[in-house]
Every structure is written in structure tokens, then in C-alpha cells.
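Sending over a structure as C-alpha cells; questions will come in a sec.
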């Protein structure tokens, strides 16, 4: 058996496992950033969402994303990976209906598992932004549609040999395909849900502190760790130069973003806010996700620094716009997903680890690449936002997407699950915890 | 001096608190308690078994006031704590024999 | 019998407690409360937004004493709870009609 | 009206609570406190050093009753809170000047 | 040096590390499902149990399990891996006394480390079921005996070339060898210990909620993650097709079980109980452990769905039988360990990834394989339960296995360790937390 | 492309990721061992310290450590990995300025990333010892200097082809280079900071219990897990025999140390203290770090047993000396870092997995090796302590290193960050939590 196949399969599976592990990271960051009374609900959403993705992506998602078809959607071998496929045969030797991903010499199931964990990430991003008010049932249904249809179609455009790929758009590990798609879907949900009760009462913005910063920090570390699977793994082949380069650009961008977000929050708010530092880390990781294999380590520092600044400003900005995102998912994944995709057009250096991207604007490549990136950002944004909006709207009109006001005040844990996360700990009573309610007359 | 002890709904605390402020009574103590009365407790579940939590979360607000202010302050509390639903709570009034301010050691009505 | 109810700074509890012990008053109840008065609350921040926590942590120390011991014990508390800064707290004194010891069922001043 | 304030062992709360129910006194407040008395605290350790936690967990149960019901209800509490060991706790009785029901605003013995 | 050996060694070690990491998962699930007052005790048990296993399995366990000997027990190279062995030489080239595991071409210490983490898992399963009442000392001693003698002998039967292997019983990654063995040993302990005080007072079943569902969810994610070492690693060779296939069947079964356990608890209890969802995930993983390399992805869905249903019913069932298992270890590991082993006999497809299992009942293989599986289940169950029962009984007669009633009520943390898990948090006082005590007269 | 290079790169990157993950472990152990009121501060320190290391080591640290130069410091390719380098070419084929690490055939960035995570570990060790009283700003600055200058210079001596390497001192994975360096730097800081308020009031030692033993245990498990990257990864090549051997010696030492520390605390204190068990585990891991590849599994048991005893005694001892180390970092990393380095001189067996260390004292090698180890311990200790002391002293004289007494009493979370870790949980008020204050008159 060909050694290269064995090695590449190990690499793909090991990195895929790390990406799977990011589910834990998201779960802890998001529950840590939410209130005790909604903790069980968020844990449940983040736990079940990967189960939903696993079934949705298996059933149809994979086929739509990688099946041979037209530039807009896969058409062959749609259901259940049922299409012909002779992987790990690759390149010219490949025979099957999933040719868009036939460049890597690993078995079909390895390809599937790796792509699945990415699909799951996109779905889990939504969870945080809609937290503390969404109906469990409706979230589950949306996640099914997200992983069966919404995500795979964009995936087809960029990674499935679709029209954006042909346009020369590059998104190495998914700043656009995964993160901004998750972000756009979340934004649509947030707009239809509206802000949490008391968040913006009589004209003032009422901060609603998360209940557990230890969990949130734990989650951020786990995500940082998982990103070493997310980005280096996206080679889907163990090319030593590439994977080492990506590991370093990824980590360096995160480090730079941590510093810039911390320092900026220090300057703006007088004290270094841990919540901002954690969001900063994630922002840097999201921003470097698209360009990690196309830019130098030097560029990764700049990208990280900017990402850290962007996240602080947009967390504050979304609040000013009365867009209530309890965990900062929009600032992290949407804003920096877009920014990171742009960075390819700005900082790319042709063949820096082998991929012929051409040079970005700052490296004399002119605006060609940048333009392709912009096209991708715009198209994916428009498509994802609209389709998600419609999906959310239908759910709203049918099942409803928001819990009752009373349930929201008493907490979704009791209302949706009949559980409480910490039944023995003495917790400040809802309204208490609910600083927003202060200037509010129920 | 009288001590007013009001058992209220947690979600009414903020309103009561600001009303008391406006009523010119700034000094108060807030205690997290659990109450039992006509109001029913909530049913929860744990891995297959349901169970009832009989005690419902309440807030005890205590404030010591001059005899003259009593009526006014009672009204402020009742107006802001009332929802009309069972579980709104009770107010109890005690007589206080004396009060001292630790910082200064002074004694009597003056301290409140 | 009188009930002494002292609202003190948490960091003074240990000192007050041992002083009470020396003053021969061992029986007491300690309750974690939050208070509001002249003392300002603390400003915190959460992901970009500042907010003020109006209620400050206080400890309520309650002890029931014989009428004769009242003065001495009040002094012990005040001496050890005082820092001279705003927020030292107050002491309230109530009359107790009766007291019982559950263990023995006995009644009256003897039980304390 | 009288206020009964009983300091009991946490593990007796359930028994006391149901006894009170049977004795026809449903309204009560439960507060988690820590007490100090004859009962010894527990010794703990932390990475090589032992330390004593002086305060023992207790539950304060408060209920306001009509003068007539006092005896009966005291008995219900004592019978169910007693273990005979040191630490069973005390009961204190106060006079209540007045009581109000927030929901209705009504006043006097009727509300309890 | 032969590349294949290097690659296989990396694969075996990396997956073994993931399995080791499952100790954290068990620790968090079990402490999260228990009460605050016993948290330190459970953490201590779950932490020390792997240390105990490491020494016990090194000292004697490995030898009994893999030493050449008779069909029932290993006899050569018993102590301390001291037997002759020329690994990584494998197959025909192998010379040594551990020939049952000479099929894989990795160094002896790699084999040992991989097998050790499995042994440790079996031991740690016991911890949860006996929680909140067992003496620390007695648990430690039992774990020694478990890992030195009880587990290795079963291991020899199935994986050490013993009589069940010859009977044609298949247990790919240990539904029987690891999980049901852990489960049977736990059951024996639970029966001898009796239920926790107040759990079944005057005729009613009193739920005793766990103190921290964030920790429990964290633990379940970590276990899910670790299972990607547990199952795919059990190839003990990096066969690309096999490890990819196993990764997908494993994940799919977990996903299906999460859905079925959640939906069933939703239907039966009115609300989706997070505790059931978490148990469901683990149930699916345990059930797919034996068949993961022998069945199709389609079958893995069915297996998962059934596992999720089984766990909900048996959690409730054990309570009805007054068998008090605080964390659901019996329902997860015993019931689904047995079920998973059976599934090989039902769903196996010959050589689906190369192993010649023959077909299962549902694939026209008749009852031959099923019968072999049943034999294994029965034999292992009888042996493990009896030996464990005797061991527990001796401990009970000598050191005692249960703490005093007063210590149980006040909590094992103070009583056994003099620690408290959260000394600064205000906790509802024991009886409070202790709902069971409600209708009880101390 | 050479398979060996691919495999070795995978191994180096995967193990490096595990070592990165140890940052989570340190963060959770240290915050769990501290008080609620300082939790956010410790989380922040442990989170940002790796960002700082990433930039500091990239900027200058790597160059000083591995650049060709004199026996005391690297001089070539100092800044930003800018030196010439044709990795993965290795050995004779290597051309570049980082020849000290040219023996491994992986790309430059793989080498860098692996070395970076070790540098980060040294820096993070300091965090715990100075916890609960240090200014955030000063800690960040110290960490920069630590990772840019202090650590790399020692690294050059031992791993960068410097004078200690020539002296024949051996430190396989960094008992000295990483752990004792971190320990010495921490000791200097602790001495200049002084003990926490109330820790040693009027003559008595007041224990200050950590606020969350669940987190601490979680962290210890993560560290144990990460050590399977730390030690086996330090081969920086996938030599099957070596990495398997190291995995087993590492785990066995940890297991032995857990047992001895638990039993000793049981005997000395009457009850098995979980805090001691956790510290014991880490002590065993630190102690085996230097010798893991040079000693037998049998020796690893002895080393672990002694490490577990040492840590218990030194935790108590440092308290007697009024040296206040909130998390036991000195006892774990300094004391056992020194002990582990010594063990090479005592237990080493020549070429046990190929490295020609010569035999240690107990294996008839005489005192030659032992003496080299002693030289290394002394030189590194003296250098690190002095340089760190001066650095801390300068910070103290300029920015100040300790927060105000009031801030310390109210907690650093509010004072330094304006956050609280658990805003909804009812926490015993400071002094309460603050047992030290008992016999104190503010």
C-alpha cells in the first residue's frame, strides 16, 4: 500500500479530530459568555448541533458540495456518499463522481470526515449569536437545513470546483466558506429574533455579563488548539513545508490579535477586558484562516493585529446598532471572516508554499486577486444571508423561533429543558443577574 | 423607628430599589431567600425523573425608617412590587428599639 | 433579651467574631447580604460596556443577648467593625419576646 | 402576630417544612446562614496545611403567625428539628406590628 | 528503518494518547453528575485510577493478557513485560512470548501503552457507578485487582488469542472487553454497596441532580473526541481504508444515538433532558465500539438509534429496580456494551474493511457469528460479575466499602479528603441539595 | 519528497500541538488553585503569556537559542528566523546558520513551532507562583524578556550546541531548560513580591484554599496528556523505539508520583489531599522529563516515587520558609526540575534508546555524567536566578510589580480587569474566603 496514502490519511484524520474538538471550545466559550439560567440550553445546542451536522452532511450535504455537477451545485452521488468513487486513487487515476476533491490521495471516508467537521463548525457558529432566546426545536431544524443545503452550496462554489473557484477566488481553510457563512446565517437569525429582553432598554445599552469566564477561557484555548487542525489540516496532504508554514502563520496571527485586542480594550476602556482578549484570539484565527498558506509570517502579524482591532470595534459597533450578539460571534466570524478573505487579495505571495495564487495587491499582483476575493465575499454574503433569512422567517412563521418573554426571564434551562446547570450553587436571582432589567419596568 | 421587611419577587427588586431611592430611603439590605406560600414551585427533571422544587426564589428587602416615613415608603414598595399575581409577597413591620452608626458611634433616629 | 443586628464590612467579620467571643457572646448567625447606602458601588465592564454594581457586599451578624450584656457587646462590635470610612454599616436593636433551645426545649433568657 | 425565627440544621429543613405545612402554616422564608455556638466547626486541609472552619451551615426558617397559633407551631418546629445533639439550634420570637399583602394591599392578621 | 513501522507506531501512540485523554472525560462527566459535596472524592478517584492501572497493568496485567499460555490465561513473561520479544518484528518474523499481539509491527512499549489506556478505561468505568458512597481506599484496592487480574484475563480470552477468539467471537475495540467488563464489575459493586442514602426513600425514587452540567457536557465532548482514538486506533496499524471507515461509523453512531435519546426523552418526559442526551452520545459510542470496523455506515445509524433508546429506557429501568447508579454507567457501558457486541452478529458484513468476520444474521450469515458473540457476552459476563462480586465482598468484609451514614450525608469530600471542591461558592446545604431526604425521617 | 521528512514533520507538529495544549492545563490548575477574586487575572495571565512568547521567541529568542555563535549565545540569524537555512535538509546536507538543530530533518518552521511551545511553557510556569498579587502589566513585560532573552540563552547552552552540551550534560526534554528555568525565574519574582497579604500573619501559616478543584483536576489531566507531546516529541524524529519508550517512562513516573504523593499526604495529614495528588502527578512528569529517554521503565518508577515525596515535602517546606507559592510551582518545576536533571546522572543507561549518554552512577558509569549534570544545574540556576532577579528588580523600581493592598484584598479581577469570573454565583465575601485575615487587624 502506498506510504503516501497512509501518511496523508493519518494527517487528515488527526487534524479532523482536532477540528471536531473545537465543538467543545465553542460550547464552553458560548455557555461561559451567557447567563447561568440559559447555560443548559446553550450546552444542549452546541452538543446536538454536531450530531445534526453529522446526519445532515452525510445525507445530502456532501453530495451537493462535492458531487460533480454545474458551477453552482453538485448533482451526482448526492445522497449518502452513494456515488462511484475509487479513492484513495487521486488525480488522473481517480474515477468517480466527487472529482472536485480527487486531488488528495486519501480514502473517501477520510475526505468526508474532514469536510464534515468543517461543516459542523459553520453550524455551531450560529448557536452563540442566537443564544439566550431561541427555541431549541427551531435551532435544531435550522441546523439541519444549514448543513444539508445552505453550507454545502457555498462549499461547492469555492471548494467543490464551482464558479468562485474558477473565478480564481482563494479561501484556504474557510474564512469565507466556514466562518463568514456561519456569520451570515447567524446575522439573519439575530435580526429576526431581535435583542434579548432588557439588553437595550429605554435607550441605554445594558451589558449582560457571562456567567463563567473560566469556562470561556477554557473554550478559547481549545479553539486555538483546534485551529492547529483547522488550518494546517486543510492541506489535506502532509506537505511538510506547507503544514509547518501554516502552523506558524496561524499561531502568529492569533498572538498578534490577542495583543492588539487587549491593548485596544485597555486604552478604550481603561482596563484589559478578558472577554475582549478571548474574542481577539478567535478573531485573529478566523482572519488568518483564508490566507494562512498564502502569506508570509510577517504578513500574519499584520493580519492578526488588524483582526484584534476589528473585533473590539465591531463588538462595540454591533451593540450601537442594537444588534444583540451575546457572544460576539458576528464580530469574530463574520467581520473577520470577510477581512481574512480580503487579506488573501492583499498579502498573498505567489507559491509561498506552492499554491499558485498570484501576488496580492501589496506584493505587486495588482487588484486581480483582490477582485476575485471581493466577488466571493459579496456572492457568498448575499446568498447565505438571503437563504438563511428566508429559512429563519419560515421557521418564525411556523414553529416560532423565540421563547416566551416569561421563559426568557426565568431562563431557557427550566423552560426548554427542565434542567438547571448548577442546581446546588446559590445563584443571584434572575433579575439580579439581569443587569439589563435595572432601568426597566416589567 | 420601624423596620420594614418586604418579601418580593426577584424581578421586582430593581424597580423597588429605585422607588425607595426616590422616596428618600437609600439605606437598605438585600437578602437572597427562598419562600414558600400559595405560589407553586417549579417542576424539574433529572435523567428521567421529575421532581418539584417547592421553594421559590424571593428577595428580602429590609430598611429601617423613621416612624413618620413609614406610610410613604410602604406605598412605594407596594406600588413597585405588585404584579397582581400570586407570589407578590408580604411586608412585615417591626419596632426598632435603637440604631447605631458604626462609623461614628452615634445613636438614635439620626443615624438612618 | 435583645437581638443585635449588625451590618458590617465582610473584611471585619473575623475581627468582630473573635471580639464577640472574648465578650462572652458565642452564639451568632452570619448572613451574606448586599447593602445599599451612602457607599458607592463598583464599576465593572463586560466586552466593551461598563456597568455599575449598586449593591455592595455586606455581612449581617445577628446575636441575641441578655439585656445586661447589651452595652458591652455593642461596644465590642463597634470597636472592631469600625474603619472610619463610609460603609462601616449600622447596628439595629430589637426586643425579643422569647427564646427556646430546640435541643432541650427550655425557654427564656437561660437558653442564650 | 408573632414572627418565629428558627435556626435549624440544614438536614432537618425538609421535616420542619412539611410539619409546618401540616400545622397549617404554609407561609415561610428560608435563608441560608452560617452559625456559631457550642457546636464545633470542621477541620479541612489545603495542600499540607490544616485549617478550621468555625462557622457551621445552618438554615434560618422564619414564619409569621397569629398569636393563637404560636404554641402549636413552635411545638411542630421543635419536634421536627430536634436531634438531641449540640447544634440543634434556637428559636427566637418577635412581635410584629403589622403585616401587608403586596398583591392586594390588605393589612393586618388577615394577610398571613 | 521500515517506514511502515514508523507510521504505525505514530498512529498507535497518537490514538493511545487520545484514549488516555478519555480519563479527563470520565472524570468530568462523573463529577458533574454528582453532588458538590462529593466532587473532590470523584475527581480523586478518577485521577488516581489511571495511576493504579498504569502500575497494575505493568506489573502483571499485560502478562496475563498477552503472554503465551493456555486459552484461559497468559503464562509467559508475566511480570513487568519481562518476556522475550523482538517487536517491532511482526508476523512470521516475530520471536517472543507475546505472540498474540505480534500481528502489529510496532515496538513492545507502543503495544503496552496502547493496551494500558484501554485497561485504564475499564477501571475508570467502575468509578462512576459506585460514586457518592464508596470508601476511597477500597476503590483503589479494587482498581488494582481489576487491572492486574480481572480485566487482563477477559482480555486474554478475546484479544490474547484465548478461547473466545478461537470460537470466532469478534470485539473490535472493546464493547465487551472494556465496556461491559467495566459495567459488570460496577454492577457487582453497586449491588454490594446499596443505593445512596435517600435515593429510594419510602417507596419513591428521588432524583439526585448532578451539580455541574457544564462539566458533564465538557466531559462528554472529551469522551467523544477520545473515541476517535479508541476505535480507529484499535486497528493498531494505519490501514487508511479501515481507520477512515471506523472514524465515520463511530461518529455516525454517536450522532444517531444523540438524536434518538434526545427525542425519546423529549417524548417520555415532555422536555429534552441534557443528561439523557449526554448519556445517549456515550451509549452510541459504546455500542459501535465492537462493530465499528465490521459494519456499514448505514448500519451504524441503526445501531446508534437503538443505543440511544436503550440508554434512556435502562437508566429509568435501573432506577425502577432500585439499582442506584449515579451517572448511568451501567446503562451506558454494560447495557450498550452487550448490545454492541451483539450487533456484530447482526450487522457484520464480511471483509467490509478487510477483517474476515463472516456476515451477520441480517446479511445472510446466519446465526453462527451471532452465537459466537452470545457465547462471549455470557462467558465474560458470568466470569467478570462473579470475580468482581467476590472481590468486592472480601473488601466489604475486611476494610468495608461504604462510608458511614453521617459522612455520606455531610459529603465524602470532607470525610475522605478534608477538601471541598468550591470552598468559596455558596452551596445549598446538604439536605437541600439532597432532595431525597425530603420525605425521610433521619 | 522524502517520506522520512514527511513523517517526522507530522510527528513534530502533532506533539508540538499537544505541548501548546498544556497552556490550558496550566491555566486551569493555576486558576483552580487560586481564589475566585483573582480568577480572571490568572486566566488572563495564562492566556496572554503564550501570545507574548510567540512574538518574543519569534522576534529574537529563536536566534539567540539556535543561531550559530559562541558557546554562550547564538549570534547568526538572530532576528525573526531571518538566517539562511535549507531545512529539511539535515546533517551533512544542511546549510544554514541554525546548525545546532540541523540534526532533525524537518522544515525550519516545524523546528520553530516545536521550540516555541517549549519556550512558552517556561514562561507560563512563572505565572502561577506570582499569582494573586502581581500587576498584569509587569507580568507581561517580564514574560517578554523571559522568552526573548532569559530562556533562549540557557537553551543555547544545552540545546543550541553551547558549552553545557559540550560538557556532556544531558536534558532530554527540559527538566532544566524548561522547568527549572521557569522555576528559578518564578523564585526570583516570589522573593521580590513577598507573600500574599494574610498568608503568614502573626507567626502562623494560613492556608488559602483554591476556589475550584474541578478546574484544577481538569488542568492536571490536560498537562499529563500534553506531556505525551512534551517528552516523546522531544525526539523531534519519529524513532519508534525511542518514542514508545519515552511514552511509557513518562507515564510510569507520573503514576508512581501520584501514588507516593497521595500516600505520603495521607500519612502526614491523615487524609489524602487532592491538591497534593495533583501536584504529585506534575512533579513526577517534571522529574522524568530530563531522563525519560535515558533510563529504564524500572528506574522511572523510582524517579516518580521520589518526585512525589519531594513535592509534598517542599510544598510544606516553602511555606515554612515563608516563601509563598500559591500553586506549588516551585515545588513542582524547580525542585523536581533539578531532581530530574540529577537523575540522568544517577539512572542513565548508555544507549538505552540509542543516545550515547554513558551510564549513570547507579549503573557503573561513575560520577562523570552526574558531575556534568550538577554543573548544568548550578550554572543554569545561578544565571537564571540572577538575571531574573535583576529584571524583576528593575520592574519593581519602575512600574512596580505588586498591586495595592486594597486591590489585593478586593481581588485583582476587579482591580486589574474590571471583570468578575462568576458574576452570578454567590461567593463568600473576600475576608471570609480569606482565611488568612482571621487573626489579622486590618
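Annotations
By written order: A, B, C, D, E and F. Residues from 1 in each chain.
Assume contacts are C-beta pairs under 8 Å (C-beta built on N, C-alpha and C of every residue); 3 or more make two chains touch, one makes a residue touch a chain.
Just so it is clear, the structure is predicted and the values come from calculations on it, not from any experiment.
Between the contact lists of chain A and chain E, the overlap consists of B, F. Chain C maps onto chain D through a rotation of 120°, based on Cα atoms and reported in steps of 5.
Here the spacing of chain E and chain F, counted between their Cα centres, is 33 Å. Per-chain CA centroids place chain D at a distance of 46 Å from chain E. Chain A has residues 3, 7, 10, 14, 209-210, 212, 218, 269-271, 273, 275, 418-420, 422-423, 425-426, 428, 432 in contact with two or more other chains. Contact of a single residue of chain B with at least two other chains is seen at positions 31-32, 44-46, 50, 83, 94-95. Taken as a graph of touching chains, this assembly fits none of the simple shapes: it is neither a line, a ring, a star nor a complete graph. Pairwise chain contacts present here: A-B, A-C, A-E, A-F, B-C, B-D, B-E, C-D, C-F, D-E, D-F, E-F [touch as defined]. Interface residues of chain D, counted against chain B in their complex, comprise 3, 17, 26-31, 64, 94-103, 105, 111-112.
Of all residues in chain B, those touching chain E in their complex are 44-51. Touching chain E in their complex are the following residues of chain A: 1, 3, 5-7, 9-10, 13-14, 16-17, 20-21, 23-24, 27-28, 31, 39-40, 43-44, 46-48, 50-52, 54-55, 58, 80-81, 88, 106-110, 112-113, 116, 136, 212, 215, 218, 416-426. Per the touch definition, chain A reaches chain B in the complex via residues 409, 414, 418-420, 423, 426, 428-432, 434, 437-442. For chain A in complex with chain F, the touching residues are 3-4, 7, 10-11, 14, 18, 35-36, 209-214, 217-218, 220-222, 224-225, 228-229, 232, 238-241, 243-245, 247-248, 251-252, 254-256, 258-259, 262, 269-275, 277-278, 281, 297-298, 301, 422, 425-428, 432-433.
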